[in-house]
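In what follows, a single structure is set out as structure tokens and then discussed.
Order of writing sets the labels: A, B and C. Residues in every chain begin at 1.
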Amino acid sequence: MTAVGKRIVGITVFAAIVCVVIGLYIGLYLTNVPGSAAATETSAGAELYLGTVPAAAVNDPHPTWVSYYAVDAGAKNWQHKTTYVLPANTLVHVTIYNFDSASALRNNWFGQPTGTVGGVITLDGKTTQGIDPDLASHVFSIPQVGLAVPLEGISATAKNPCSNAPCDLSFDHTTTTFTFRTPGKGLYRWQCFVPCAAGYIAGFGGPMQTVGYMDGFIKVV
Amino acid sequence: MSASGEAVNVEGTRHWRNVVLLWLLASVIMVPVVVFVLGPGLPPGNGSVEASGQTSDNIVLLALATPVALGVLVYLGYALWAFRERTPEVVLDGPPIRGNSSVQFWWLIVTTTLVLFLAGFGTIRLLADGAGGGQGPNPLATPSVPAVGSRLVVQVVAQQWQFNYRFPAYGGVETNQIELPENTLVQFNVTSLDVIHSFWAYELGVKADANPGVNNIAYVTTKGPLLFHVRCAELCGLWHGYMFNQGQVVPKTQFAAWIAQQRVKFAPATKTLPPYSKTYFPHAQRRAG
Amino acid sequence: MSAIAMSATAPRSGWRKLIGFNMLTGILLGIAGWYVGHFIGDHIHGANLAYFSAQAGENDIAIMLGYFLGVVGFLIGLGFANYPVKRLLGHPPSLAANESEAHGLMRYFSLSTDHKVVAKQYMAGIGVFFFVAGLNAMLIRTELLQPDVHVFGANQYLTLVGMHGSMMMGTMTSGLLGPFATFLVPLMIGSRRMAFSRLSAFTFWLLMAGEVILLTTIFFGGFQTGWTGYQPLGAQGTAGYDAYICFFALVGLSMTLFGFNLIVTITTMRARGMTWSRLPIFVWGTFATAWLMMLAAPMLIAALLMAASDRTVQTAFYIPGQGGSAYLFQNLFWVFGHPEVYILALPGMAIVLELMPVFARKPLWGYRLAVAGLLGISFLSFFVWQHHLFVSGINADLRPFYMLSTELISLPTGFIFLCAMGTLWRGRIRLTVPMLFCLGWIFNFLWGGISGVFNSDVPSDVTTHGSFFVMAHFHYTIMGGLIFAFFAGIYYWVPKMYGVNLNERLGKIHFWTLFIAFNSTFAPLFALGFMGMPRRVVTYNPSFTSLNQWVTISAYVIGLSMLVFLFNVVWSLLIKREPATINPWHAKSIEWTLPTPVPLHDFDRLPVFDADPYPYGVEAAPARAPAIAPARGSA
């Protein structure tokens, strides 16, 4: 092969390697787009079950981080997803099992639920217009539709706390249920408002700023 | 030398005259276009007194920038046409002109005058009413109140990633929606609970950074009914792009009814809030247990 | 004059070439340093710090120590410790001994004290990371195609934004001076080297180490602050922010030392007859920039040191509520940040003013005015930084002053424009590829400058701060200005630096595609900013969708034009390799009198200068040949 021919082959091989590297590089940024979980449709509207834990699963990339999970009615079938698919213009009944302890709200305003039907939530069976801000463990909020629901934490002296996901209902937990009406089609985002990311300034770093833990999307279809 | 020198001078004068005429023609056409056609569309519009001030400021800047830009562009276009080498195969030099002190002098005078005028004009505008920008805890420019009893203080509490609004004159109620009364001087006390955000009410012409531990005051004088968009204008983390809501300017009676309704709605929350203060330092959170 | 000492050992063959102090050894020792630093960091932190690391699942001390020792290992592997150690052991000083025993291609992968080799190392290194950062820009625009379809995770998008900005800013501050000043300033002043040859190599390898560290940020969660790294958002971030800190600390150090090297070189190593009033304008521009690099970059290092201690040992310099202030970081950062953007703008001006006389075939018009313009910009740039903070709640008394000082900078900038335009007056303009890029610079920087005047006016800044209008402004000045000047310099000096011609036709395609696509991409951003779209957002008002899509498609065309350029480089430099003549542009500056390739010792005899640098249009004056000093026994 001529010298020029050899050079062309060498350059082509090098260019191919560069393309592969570029593809890998782009792939680094495409990861961590978590999958989605859908609400179950019933005749009375849609139902969504979520669980919040003090630490994600032991084999999770971040086993020390707090996280939301999608679960089923019996708190089984734990899926580490934070994109929830909901039907449009429908009443959605949400049940959240919280296995985490309290960290207190940064802004006490979130102690009162907003955007729910009746302006109330049901906490462990009792309807209430708000919780003690110091007992808040997490918040489920969709700011774009004005929804913000505080979740009370398990007692500080709880005997049987769950440490890592997945948990089941035999561990200490609080159950919060509420209903809200979804808007029209679109992509909305939800977040927690309790500074529950321990080890980070203002409790708002790490899991509080990572989609897949304390943040996610609501896909209304 | 003198004959060719004169020929050179005539040549130069001819080009100079062409450029100036072209520039004048372009300016005479474009400046009115800019002022009357583009001008009314310039942001932020006329939703408030301060917004109108900014808009007219932008129109003046654009009107002054037009002949400057045209000067450079017309000259460039002319030079590329008139002075281009027509026979590139031969490499010939042009005349060894190293400068012209008269041109440099007048350029200096004209540009300095323009710059000083702009600085003075901007300062006068700014000191008149603050131009809707955040002025820190000790504002220099306070607009006048439109009528007796038409003054409202609203605290904008920025946090990751939602704006809340607190009304100290109405029991310190905090809401997540904002409505403002017409024809009122509104004082925004903008602060943050965590990182730096920026409260940008586009149609009102208000922009004030929300700096934690700082009370950043911005004034706006509302006019008639208006729908305005609030966006965060300083990168504050994950949901910076999703930190927005809408507000309204409504008649005074409607505002009074709205705020009363908000006080009732958020009564439980108001009981748990800390007393109204210009800045807040929520203590660093640790996990219990 | 002492001759350059040549290596006495015979060149090695095959894989043995790789043994010794070079980049490969540097990488291996760097990786080892990372693990050692990480190990030490894991074991030294006390109870309080352990709480924060354990809960967060990351140890910032370990990561920072790992980066630090990794860089130390990298530099040792390259051979930077050799000379200091030799001196400590008593060896005599050596002026320009080539540390590396490498020959041929390996010179470019090791420590070289030949300024021409360092310049080409800079060219390649800057080139690689310029394209990586450009790739990030393509990814950012891809994300912005739709407001409610997210290609990348919201976190990853913010890291992409931060990576694009940081890598571009950190890379391009040395982007023009690295390749061009290192190669040309010694030649233009009649010297055989930079004042500190080893330091020259050091600043290059520091930059490369920093870039690699920045690339690792995604493995630690990325950073959410954008290139400005505001606190306390930065202190709040995941460990990816540590990479940001280390990157800019290394870039800052590299800039400081590089600026220092340039100042000493230009001040002390000018040959006989090269008075200050005979310096080529490119050297003046380099000089003006070097002061900014030396004086502003240390501020950044200081600011980041405090940020690092906030994140590792839990100090509270920037944490409000615990005694700190977010303003402190903003001010420290912008005291660096504003001179930084003039570090980017000035070399572009210097190159454009240097090239235009060649292609208008006339002397530089208004030489003294141009020097005043460059130095004026340099001086004033230290007094304007608060214009980034107009609405942030700074004391309102300050704003009229900073409005005035910022507006004043447009005066020396205007001088530069006047001199460029004056050079064209009655010239014989040759539209070669470098000249096209210079003209593109004038057009683009015009819009960048005018939009800057809007931003300097406080009421107008209330309208546009934090919006895409600002984005358009600085992309017009930095990309439309600096990058166009960068390409002008490349097309102009590659024949001298590399001895081959770049294909002219491909160059023209590159220019026109880039020019049109660039304006098509960034002009609509002024409109988007005026319509209310904030910066660094992952979603936007749906009514902006079609404009965003237009911008994204245009950005892809920019990418295509860069591929044309890359193809031209590969084709001309590696495949076709048509040798360049000594002076293809018929320029009359001194670097074009030297043979191609420029020999190791540059000048056979050091020149004596006796004429002004732009002898165009003077009938009898020959092309600038260095006067031969009378032969006198030993050199």
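Note that in this section a residue touches a chain if its C-beta (ideal position, glycine included) is under 8 Å from a C-beta of that chain, and two chains touch if they have at least 3 such contacts.
Since the structure is predicted, the reported quantities are computational estimates derived from the model, not experimental observations.
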| item | value |
| --- | --- |
| Per Cα centroids, the chain farthest from chain B | A |
| Contact-richer chain pair [B-C vs A-B] | B-C |
| Centre-of-Cα separation between chain C and chain A, whole angstrom | 41 |
| Whole-Å gap separating chain B and chain C, where each centre is the average of the chain's CA atoms | 31 |
| Chain A-chain B separation of Cα centroids, rounded to whole Å | 38 |
| Shared-contact residues (touching 2 or more other chains) in chain B | 194-195, 237-239, 242, 282, 284, 287 |
| Of all residues in chain A, the ones touching two or more other chains | 189, 198, 201-202, 204, 209-211, 215 |
| In chain C, residues with contacts to at least two other chains | 55, 154-155, 224, 232, 236 |
| For the chain C and chain A complex, residues of the former touching the latter | 51-57, 132, 135, 139, 148-156, 159-160, 218-219, 221, 224, 232, 235-238, 319, 570, 574-575 |
| For the chain A and chain B complex, residues of the former touching the latter | 54, 101-104, 106-109, 111-112, 114, 119, 129-130, 132-133, 141, 143-144, 146, 148, 153, 156, 158, 161, 189, 191, 193, 195-196, 198, 201-204, 208-211, 215 |
| Residues of chain B that touch chain C when the two form their complex | 11-12, 15, 42-44, 53-54, 57-58, 61, 65, 68-69, 72-73, 75-76, 79-80, 83-85, 88, 91-100, 103-104, 107-108, 111-112, 115, 118-119, 122-123, 125-127, 130-141, 190, 194-196, 198, 200, 202, 205-209, 211-216, 218, 229, 231-242, 281-284, 287 |
| Chain A residues within the chain C interface of the complex | 4, 7-8, 11, 22, 25-26, 28-33, 62-65, 186-187, 189, 197-202, 204-206, 209-212, 215, 217 |
| Of chain B, residues touching chain A in the complex | 157, 159-162, 164, 174, 176-177, 193-195, 237-239, 242-243, 245, 265-266, 268-269, 272-274, 282, 284-289 |
